[in-house]
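Presented sequentially are two complexes of chain A, the first with chain B as partner and the second with chain C.
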Partner chain A sequence: MIQLMQVTYSYPVTSRPALREITLEIPTGQFCALVGANGAGKSTLAYTIAGFIPHFYHGNLAGSVLIDGKETSQVPLSQLVQQVGLIFQNPFNQISGTKFTVREEIAFGLENLGLPRDEMEARIQATLSLVGIEDLAERYPLALSGGQMQRVAIASVLAMRPQVLVLDEPTSQLDPVGSREVFAAVRALIVEGGITVVMIEHKLEWVAVFADRVIALVDGALAADGDPQEVLTDETLVGKTIGQTRYTRAARQAQRSGYWPQDRQLPVTLEQAVDGFRESRGTPAG
Partner chain B sequence: MAQSYSLFVARESFVHRLNPLTKLTLTGLLLVSGLFLPGIWTNYLLFVGIVLPLSAAAGVTKQLVRSAWKIVLPFAISLFLIQGFLWPGGTPILYVGPLSLKSEGLQFAVVSTGRILMIVSSFLWFSLTTRPDHLMNSLSRIGFPSNLAYVIVATIQIAPRFQSRAATILDAQRARGLETEGSLRTRARALVPLVIPLVLSSLIDVEERALAVEARAFNRQGPKTFLIELPEAAWEPAARWFMVVLMVSILGLRVYLAITRWRS
Partner chain C sequence: MHVRVADLTYTYPFGVQALKGVTLHIASGESVAIVGQNGAGKTTLVKHFNALLRPGSGSVWVGDWDTRQHTTARLARRVGYVFQNPDDQLFQSKVLAEVTFGPRNLGFETERVEALADMALNMVGLDHAAGQHPYDLSPGERKRVALAAVLAMDTPVIVLDEPTTGQDFIGVQRVGEIVEHLKAEGRTVLTITHDIDFCAEHFQRVIVMADGAILLDGESRQVLAQEEILAKTYVEPPQLVRLAKQLGMAGVPLTVEEFTNAHQGWLEASK
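Moving on, here comes the complex of A and B:
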């Protein structure tokens, strides 16, 4: 369980806060997507949840951030990382660069935790199959493709058994194939359940299908928080922050010329769009 | 693109199976013997008698000789020419025009070349047969700081990426019309738009890498464990101690000789 209460934060030597009075509660097992324009504070919020603020970035943090009821500022980072795993945009930068096989790369965090060897072996095996990269186990990590590297990074963090996984635009530097691989791996985690996922993601079509909840940030403050269909079709948010899925855009255009069923909510997924257009059958409603 | 600056050549051999510390100690012993034992030909004897057989056993003779040759030859040529002809005083053995070849100069060149050969070849032998991560693993086990170990190994692995990024930036700036060839001034002026993006993007990378390493509990206090079990034959610790004793004795002998010579 993640709880933020009245969190305001500004980076060192800046006066403008990157986060403004954010109050949030994310229950265990929820898959939460974080959307917003560049500079809206998404990454900052991710770092705050993961405890890198205030442990890595100093600056000025007010309010409280609780993970499982404990104030993150009171827990050392090396312990926090076993509760909240953090994945970054650039796959290459997350590979330690000191290991020669994926198996050893996954072990890097476990070695730092001082786990016994048989425990490491067991966790590595379990994580490899959870993320679906058993076939990469003996490969040289720096020679993998972006999508493969990003999945290795996810596995490396998951092997440390965090209850929460925070992903900061994990597919933004990947090609479509790599993005699909990473999404499939994340989806497997959600389906397996038990782990809370907070993911910053611009690919709204994907968010609409898989997220339980969408949180939109504008200028460091919460602008919307709720069910994906509700948040992603919110007209007031379209312009300034997050855009809309292609399905919403199509239906909205149809709605203007009366081709969308009147009391039907705008769609965010392909199925919803198909259903809606089927109902109107290409004739102006009403 | 090279994947790593590591020289390591994977082979199945007795030498590859040795513990990295044993190989490191042997390298140290070779260096100490080469630098401090008396005799003009000592280094060459050590090279032929120890380094070559050991690299043959590891199946890396070709790589070792090829690299060593490239490094040692330029030194050897300049040493022989400069020391041979420009040695002050000395016994001339050959006249070439106004210059004369001195036997003392030649002797000095032989000794110096031998030393360079020993330094280069023993390090090459070590690097060709030892995985850098295994070396750092074994050093960490005996108390070498893990931060330093990380920096050393990660640099070897990651440097090729920086090189390829530099190439990308060069191409990108050229595509925008940057002149990178021509006079010295043109080249100097081209440096700024190449270096600044490289440095800035590297700094951003370093920050993200620091975060990522931190996310893997790198700075946790307390003992670390190791996934890889390093090979270590039962006799190896004893052999290492024996080599250390030998090194100390050679140094002791050297000091003793220096003192007696200084007294007389």
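Moving on, here comes the complex of A and C:
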């Protein structure tokens, strides 16, 4: 369980807070997506949950951040990294640069955890297959394409099996099917391992399908927090720089012309859109 | 300015053959999106346009220049290339210095350099950041600095490698407007993108790559409806194309507006 109470944070030598009075609770096993404009504080919130703030970035942190009931500021970083895994936005920042194969790169975190060799090998194999990069195992990490490197960065954190996984735009350089696979893999980890996930994402179609909850940040503060369909169809958020899927936009157009079924919520997924438009034609929803 | 690629192959020094014989012609003023799975060779292909990479075999022509006979510095006059990762591109300590670096090195006069830099920063919505250090900006903003630095070079061919990555909703809209602006000016615009909805809304032609070769090449409306072939390279048709197909609507709607029209027709047809 992740708990934030009245969290306000300013980076060093800045006066404007990057996070403002954030209070939220994320229960164990929840898949929580974080959306918002560039500069709204999404990465800062991710760093705060992962303990990077205040352990790595100093600045001014007020309020409290608890993982499993313990203040992250009081837990040594060496212990925190075993609980919370953070996947950076730019995979280049995640790759150690000291390893010659992808397999060794994934082993890096496990070596630091002091795992026995057999256990490491089993975890590496399982993670390579989960992320779909078995064919890259013997390649040099820094000579991969952007998307391939991003998968390696994800794998290197997943192999450590953290209880809380924080991902900062983990699919930004992935092909469309690869993006959906990352969402599905994260979902599978929740179902199988009971982990808690906070994921920053702009790919709303997959957020809508896979996440349990969407939190929207505007200018460092919580602007909306709830069920994906409720938050992602909230028209008042469009003016506050939160995007919407094409399904929602097309259905809103239809609704304006009176062609969307009354009392039916606007869709955020393909399935919901198909049902709604079928009903608009008088065909019973599938 | 047109770009011509003939039987291009390329193998990286570490042994991976990234291009296995690519041939294509991009006419002057065309807008082309290259899509396909990670590792398909998309970035390798476009890095040949400004001679960041040299053909293993085959050739690449930009206008009447054979890229094998020109340096990257010289090709920079014709081809502007915006890197996928802005951190690979930016190196100055001020945004304005970053944006004036290109045009100044092309030997433009100070007045023109200043005008181009102003125009470029304005286009990407970063006028206010001219005096800032690029690394004090968010990654999405840095990406727009990288874009401005290339726009300011006023090249006839512009290559955007994953321009929407890390951009929020407003950022993606802005990149779309910039593409429309460049198209209206008659520039040749190429992009590599995984954002198929963005691709559908702004590019007239789509090239689909897989495993170092071209799988499909044609008009967006025709290419983006080929669900089975796209799936081979981990690409899915745009959201609205998938929706229209599931509903059994006629046509391939690429924008919300086109979908709205198709929806009207579909409702009429049921009466």
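Basically, the second predicted complex is superposed on the first by the 259 of 286 C-alpha atoms of A that agree within 3 Å, B and C clash if a C-alpha of one lies under 4 Å from a C-alpha of the other, contacts with A are read in each partner's own complex, and residues count from 1 in each chain.
One rule holds for everything that comes next: contacts are C-beta pairs under 8 Å (C-beta built on N, C-alpha and C of every residue); 3 or more make two chains touch, one makes a residue touch a chain.
Predicted, not measured: the structure shown is a model, and the values here were computed from it.
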Chain B versus chain C on the shared chain A, clash or fit? clash
Output check: A:G114 vs chain B and chain C. Expected answer is one of first, second, both, neither. What do you get? first
May I ask you to decide whether A:N90 touches chain B, chain C, both, or neither, giving the answer as first, second, both or neither? both
After lining up the shared chain so the two structures overlap, which partner does A:A273 touch, if you call chain B first and chain C second: first, second, both or neither? second
Give one of first, second, both or neither to describe whether A:M160 is in contact with chain B, with chain C, with both, or with none. first
Report for A:T236: first if it touches chain B alone, second if chain C alone, otherwise both or neither. neither
Regarding the shared-chain residue A:S73, is it in contact with chain B (first), chain C (second), both, or neither? neither
Considering only the touch criterion stated at the top, classify A:T28 as touching first (chain B), second (chain C), both, or neither. neither
Thinking of the overlay built on chain A, is A:Y140 touched by chain B (first), by chain C (second), by both, or by neither? both
For chain A, which residues lie in the overlap of the chain B contacts and the chain C contacts? 89-90, 92, 140, 143
Give every residue of chain A touching chain C within the complex, in rising order. 36-40, 43, 89-90, 92, 140, 143-148, 151, 169, 172-179, 202, 205, 241-243, 245-247, 249-250, 253-254, 257, 259, 270, 273-274, 277-278, 280-283
Which residues of chain A touch chain B once you look at their complex with the stated criterion? 50, 52, 56, 76-78, 81-82, 85-86, 88-90, 92-94, 96-100, 103-104, 107-117, 120-121, 124, 140, 142-143, 153, 156-157, 160
Which chain C residues qualify as touching chain A in the complex? 12, 14, 16, 36-39, 43, 84-85, 87, 138-141, 162, 165-172, 194, 196-197, 231, 233-236, 238-240, 242-243, 246-247, 256, 259-260, 263-264, 266-267, 270
Within the complex, chain A is touched by chain B residues 3-4, 131, 133, 136, 149-150, 153-154, 157-158, 161, 205, 208-229
